[in-house]
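Just dropping this structure here.
Order of writing sets the labels: A, B, C and D. Residues in every chain begin at 1.
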Amino acid sequence: MHEDSSSGSPGATPRLSAVIARCEALYHDVDLRTVHDWRAARGGRKVVGYMPIYVPRELIDAAGMLPVGIMGGRGQVEIIRGDAWFQSYICQIPRSTIELALTGRLDVLDGMLFPSICDVIRNLSGMWKVKFPGKYVRYFDVPQNYEPEVGGRFYREELRHLYADLRRLSGTTEDADETLRRSIARYNENRRVIGELLELRAKEPWRVPTYESYLVLFAGNVLPVEEHTALVREYIAAALESDRPRRDNARVVLTGAFCEQPPIELIRTLELAGCYVVSDDTALGRRWPTEDVSTEGDPLLALATGFLRHSPPTAARYEPHGDRGEPLVTLVKKQRAEGVVLAAPSFCDPALLEQPILQDTLDAARVPWTAFKYAENLGQFQVIREQAGTFADSIKLWSEP
Amino acid sequence: MGNVVSVGIDVGSSTVKVAVVESPAGSGRERVGARVLSRVVERTRRRDQNQIVQSTWADAMERAGVSKRDLVYVATTGEGETVEGATGHFYGMTAHARGALFLDPAVRAALDVGSLHARAIRFDERAKVLDYRMTSQCASGTGQFLENIARYLGVTLDEVGRLSLEGTSAEKVSGICAVLAETDVINMVSRGVTTQNILKGIHESMAGGFAKLLRNARAEGVVLVTGGLSADAGLTGALREALGKPPKKKGPSKPGQAEAVETALPLEIRPHPEGVFAGAIGAALWGAYRAERLAAGESAPHASV
Amino acid sequence: MKAFLGIDLGSTTTKAVMMDEAGAILGRGITNSRSNYHLAADIARDEARVDARFTLLDRALEREGETGDEAVQFRKRLLHRFRKVQRLVQLASLREEAVKEAASARLSQYGDGLVPKVREIFEAMERDWRRPKLSVGPSSDFFRDQAAGDYGRLAEKHADRAVPFDALMSVFDKVIIVVENARMDLTFEGNIRVALAECLGGETPERRAKYEAAVAQAADAPLDLVRTIGTGYGRQTLPFAKDDIRSEILCHGLGAHLAFPRTATVLDIGGQDTKAIQVDDRGIVTSFQMNDRCAAGCGRYLGYIADEMNMGVHELGPLALESTRHVKINSTCTVFAGAELRDRLTMGQRREDILAGLHRAIILRAMALLARSGGIADEFTFTGGVANNPAAVKALRQLVVENYGERTLNISPSSIYTGAHGAAEFARRATQDVEA
Amino acid sequence: MSAERETTGGREGEREVKDASMLLQKEMIAGHFTALSRAKEEGKKVVYTFVPGNLTELLHAFDVLPLYPEINALQSGMRKKSGGYILEAERLGHSEDVCAYVKSDIGMLRAGNVGPTGEKLPPPDLLLLSYTGCFTFMKWFELLKREYDCPVAMLHVPYQGDGEFTDEMRKYVVDQLRSEVIPKLEQVTGKKLDEAKLEEALAKSSVAEDDLVWVLESAKNKPSPIDAYFGGVYYIGPIFTAFRGTDAAVEYYKTLRSEVQVRLDQRLGPITPDGPLTNERYRLVVEGPPSWPSFQEFWKMFSGEGAVVVASSYTKVGGFYDHGFRHDPKRPLESLADYCAGCYTNLNLPSRIEILARYVREYQADGLLINSVKSCNSFSAGQLMILREVEERTGVPGGFIETDLVDPRYFSAANVKNRLESYLQMIEQKRKSPGAPRGPSGAAGGGSSGPRRLEVLP
């Protein structure tokens, strides 16, 4: 129920509106104009794209190139040629990604990294090799074994290999370890301010709507890291200044959206339908790993350790102990959430296959949940609004005062 | 303490429904003793929706003999989030569950079939929604679908139910497009299939889909049909068939055979003459409850507005 | 003379093309598809025959030395009158059935008021239809559409509390099927003389004689139908022998090739399906794609939207061309798109902008299909009923350029006959094969 | 993928072959299921694991019985039970969108875990998650882990993203075998690894593998004595499952080879459900797995048109031997690692394109037909590109049909048949050219009144 159904950014100060406007522009910039500008301003320095999860951006940055997160078409590119390469029962993200590439929107990239997410992305990396033979393309495997001597060693080798490739691509001659440590430090700082932002959101979600925090995180896909860090700081400062009404919303955890992203309107719809998202796994690559990476000693080993120890769990990662249900319940408790919204991309095997597990665990822990599927190019939100609204209603109308 | 009056306005994509409800002051969430003073349904028919909402609302007030000033809460539901003069909005399933429970206290699930969507809603004895399943973004098998079919067959909606019940041998149809159905219908007519049997077939196919929704929502016990199609006796008949089928048996079924899982749940389908008003009534009831809580000055997150 | 016929039984319309031995088109016929496939095929064939006779009339006039402006005007007038005669025959039959239906027990609840109202409506229609200036429209403007449009408009006017609009429409919906499935004489031979009589006023006796002679020649010339090949939607149940059936894909490919010999890619958007076809330089299909049975990607989508807006389907395109703002339609389902359209109108968006968005939506789906079939090569031929729609063509042109660069886009005014044309050619070749 | 037919009860008569190899295979499979059903009484440990790149020799070395949930799902499909199982899984909350193998298995589990022979299957003592070529495996065993209280051993096999299996990758896999898989097997069985036994099994594997490759390559002859897809499914059964590394497998492949030799000598075509095929009209390469619930029906659509599959990628899902890989007793763990990494779906797309194009050329095929199954993203994502690329490189026309492995809702016989026939007629038309499209045949391509999910991209 929302007696107050104002939309947009109620209570936003001009300062806040300015930050949001900048982020919105970056979000809508499917032609990567910002990246072109960056490149032009730096005498044509190189740019490497990556699908944003489990990719060590530090390596690209340290090799002197701009890492650019490619996060699908955000429902803004019409899929014309992408459909020629993917059957109707495959999720949306590979088709919009290849559409971006085939329409020349990714020409600015000198290379592309495909992290190990699932079978679809894996095969997409091969398609890239076939279609763009002139570009650096790499499928970047991550271990599903978390023993430092086994998976850790393998991963460090992968990193070493990749770093060498990237340095060759950029032609840098700077000290490999030293520049990498500096990059790690920059990203540590970036992750710390993002952490602050998300903490603020969890504490006072009316001050930091997820619609906005998502946009702020998203901006990190295309901005150089230090510029993004400054942007997040600016947003936090502006959000703290603003005076926004607290609404009668239910606190929910949004989970399942670790790969293909929900359209931003979907997040807004959830909030308008009476949910405060206090934790989510959207734009997850922007806050990975979850703790500082050591800037001492062997930087590759430090990154490998960061991956082994501090990767947020997703449906695509093997969980050696227990399953994914327990950590979710713990998260719900920690964030004092009142329910869970399980949102998964249509046709996403990893996310959808674990939903029954999550649901069972939530039921056992008596945590209310609701589940739906989405696609990044979803245009209609009535059904989701009804579902999320009913969910929020049922939390609100029955929780005893 | 006397009574309070609230109104529920259910704005659908093809109709607007309004119910004026009176309930004892202080009757809390349960609102024992509530009664409906008036109810009005009006089809939009390509007219200006806002106007129809206002005029239907006014009409309902007149029939109930109360004035807008007497209302403690104006609750909207459905697509009515932007209705002028509303106090608050409740989401469709919240409202339908509440309304269904009011219309028949024995029910623990509702099947709401409207013009574009169908949904199965399971709730508890306090109308708390426990689970639900909805149809997808395809209008095959919805109210609009049936309306189109009726038009292609040249019968009015009011006749549909009766004709379908007269059918003797249903014409099997499956998953036909609401728009392209015209050709299929014409085809059937040309093959000499009677209107009755065509409608019966259509109802069976719709009922099959709805039965799946109900099962997947794990509905149990008594189910109330709400929404526009609650008036369609052909559909309710077909639903009873679809849900009431005894478990399939092929010889002595060994434990652990696939057939065993097909066992139908014991579900009882009940229509209600006022099923179409379930959403409006439910919204009005919730409104009265919220009004009470607001008046009590609650300001904690769960009660503030 | 020897003639060959191709019939394309579409989901929405049934088309026939008649061809002579040299492969020249003699006549085309079209009707809306209906439950009785045989009948639909027969009517399309009869229409093609009528059209062929008009072609023969042209040839006869030429022989009489009548090729000037006068003759052209006469020819136009005659066709117009002829169509009107046809329509009036149909209308009379519709009226008769409607009055019967209105008096039937099914509608007794509306009492005595119904029959007179139905009569009034038909009287008004007949008055209208007899008016000399009434345009009969292009041949794809069928009796059904014209009658439904006029009847609907009048019914709205005549409806009242006792006899509601729904009841009046219910009468129409019921009887239109009956009338469409009834056989009546609409042939050239049977009706031309009535039409001719109405066209000769004011002519010199000399011209009259020439015209009458030409018409007689055209009506009496033998037309020997040697072979018919059928194709179309739902081929399994086509009313032709197995040997006389060709795949609609092959027919469309060949038809497009005949019309535009440099065709490499064909897009056909019909009433219930959309096809993307690649052909080689002989018109042989090398690859194709078809869509699901969902109205969202085909002509019926526009038909449904036209109904929602109380417009004729051929009025949609021109209106959409007036759009100035880009509107993105979110609904994929046609029915939901209809609801979205209403919502958007309520919100104050402009009709033409919404319509342009709807046209773009349907073309976008076709683009995906084309991509899957292998892209768009040069030249690109657009066929099917929707090719008549200028807004659809505009959207297509734009998307082709954006995605594939410049392509020669071929659209024939008779593109709706492409499949039938291919089928007729198959009929002609089959006969030659036998003779060879 | 093994001897499904033998266990399908009354449908035996559908394929009137009484070849010795068939009978042999039948005995083998039945024996294995019986052994499984008695495992608990006989004190044998049971390990659930996956087919692609499996570690059968290692399991034999520990004397444990392997059970493959994929095979159960496949068998449920063949016995037309998968439809019901899938619905049950969906009722439990599984999405319509996901891999139907998993749902079929979950549904079967809920219905009592009765295997294809009607005997109850034993619960696992260990879940050996050999994570090769498919991410869904991981989710599958996460679901099973909740059902059974038993340890899980995870073996992560890196993808050949750059088209090679590097020393580092090999080391990673071997390290996992040493530190994760073998210790867990030792823990479950209470035995140490018997290295001699492992080496012996590996040696036997390589003998059988030689014969299998010979059999598959016999299709290079014209006419081909085998069908390398439908028939191939039978041929790969023993080697991809419980029998690799056993005498039984060595024996089976020897018998099979001599049978094929006889057909080859007599220039006979393959045995099909309609009897021996005598008119080889089309030679096809097929990519993608078959549709199990309609296996026979699907096969007949091919054989009825005189279409023989001369090479297929599906017969390489368990492991890939064409390039010369053989299990090697001299490098036991290394060769197991190589085997894991080499299965078809663990190869990158450029390699798959290369392999298929080579098949078209080496087996002198008339076309490449892709059966794209909804369930399997490993196979399906990218197949449309594979099709175009192979067409371009070889000049033969490609065809595309969409079905599913075990979900009967995605198999529309009329449509598949229609599409297949159109495709074959198009091959025919191409062959006949130059010349205009005339004559009575035409291609019956395209439409039908049913749902048009299935498409041919010739």
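Here is the rule we go by: contacts are C-beta pairs under 8 Å (C-beta built on N, C-alpha and C of every residue); 3 or more make two chains touch, one makes a residue touch a chain.
The shown structure was predicted, so the numbers you read here are calculated from the model rather than taken from an experiment.
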item	value
Intersection of contact partners for chain B and chain C	A, D
Which of C-D and A-C has more C-beta contact pairs	C-D
Between chain D and chain C, distance of the C-alpha-averaged centres to the nearest whole Å	51
Centroid distance [mean C-alpha coordinates] between chain D and chain A, Å	36
Interchain centroid distance [CA atoms averaged], chain B/chain D, Å	48
Overlap residues in chain D, where contacts from two or more other chains coincide	384, 451
Contacts with 2+ other chains: residues of chain B	137
Sites on chain C at which at least two other chains make contact	293, 331, 336, 372
Chain contact graph, described as a line, ring, star, complete graph or other shape	complete
Chain B contact footprint on chain D (complex, rising order)	81, 83-85, 87-88, 90-91, 107, 110-114, 118, 120, 451
Partner chain C, residues of chain D touching it in the complex	384, 388, 397, 422, 426, 429-430, 433-434, 436-440, 442-453, 455-458
Contact set on chain A toward chain C in their complex	78-84, 103, 379-380
Contacting residues of chain A [partner chain B, same complex]	1-5, 246, 248-249, 273, 380, 382-383, 385-387, 389-394, 396-399, 401
Of chain B, residues touching chain C in the complex	13, 44, 46, 48-50, 116, 137-139, 142, 144-145, 151-156, 176-180, 183, 186-187, 189-191
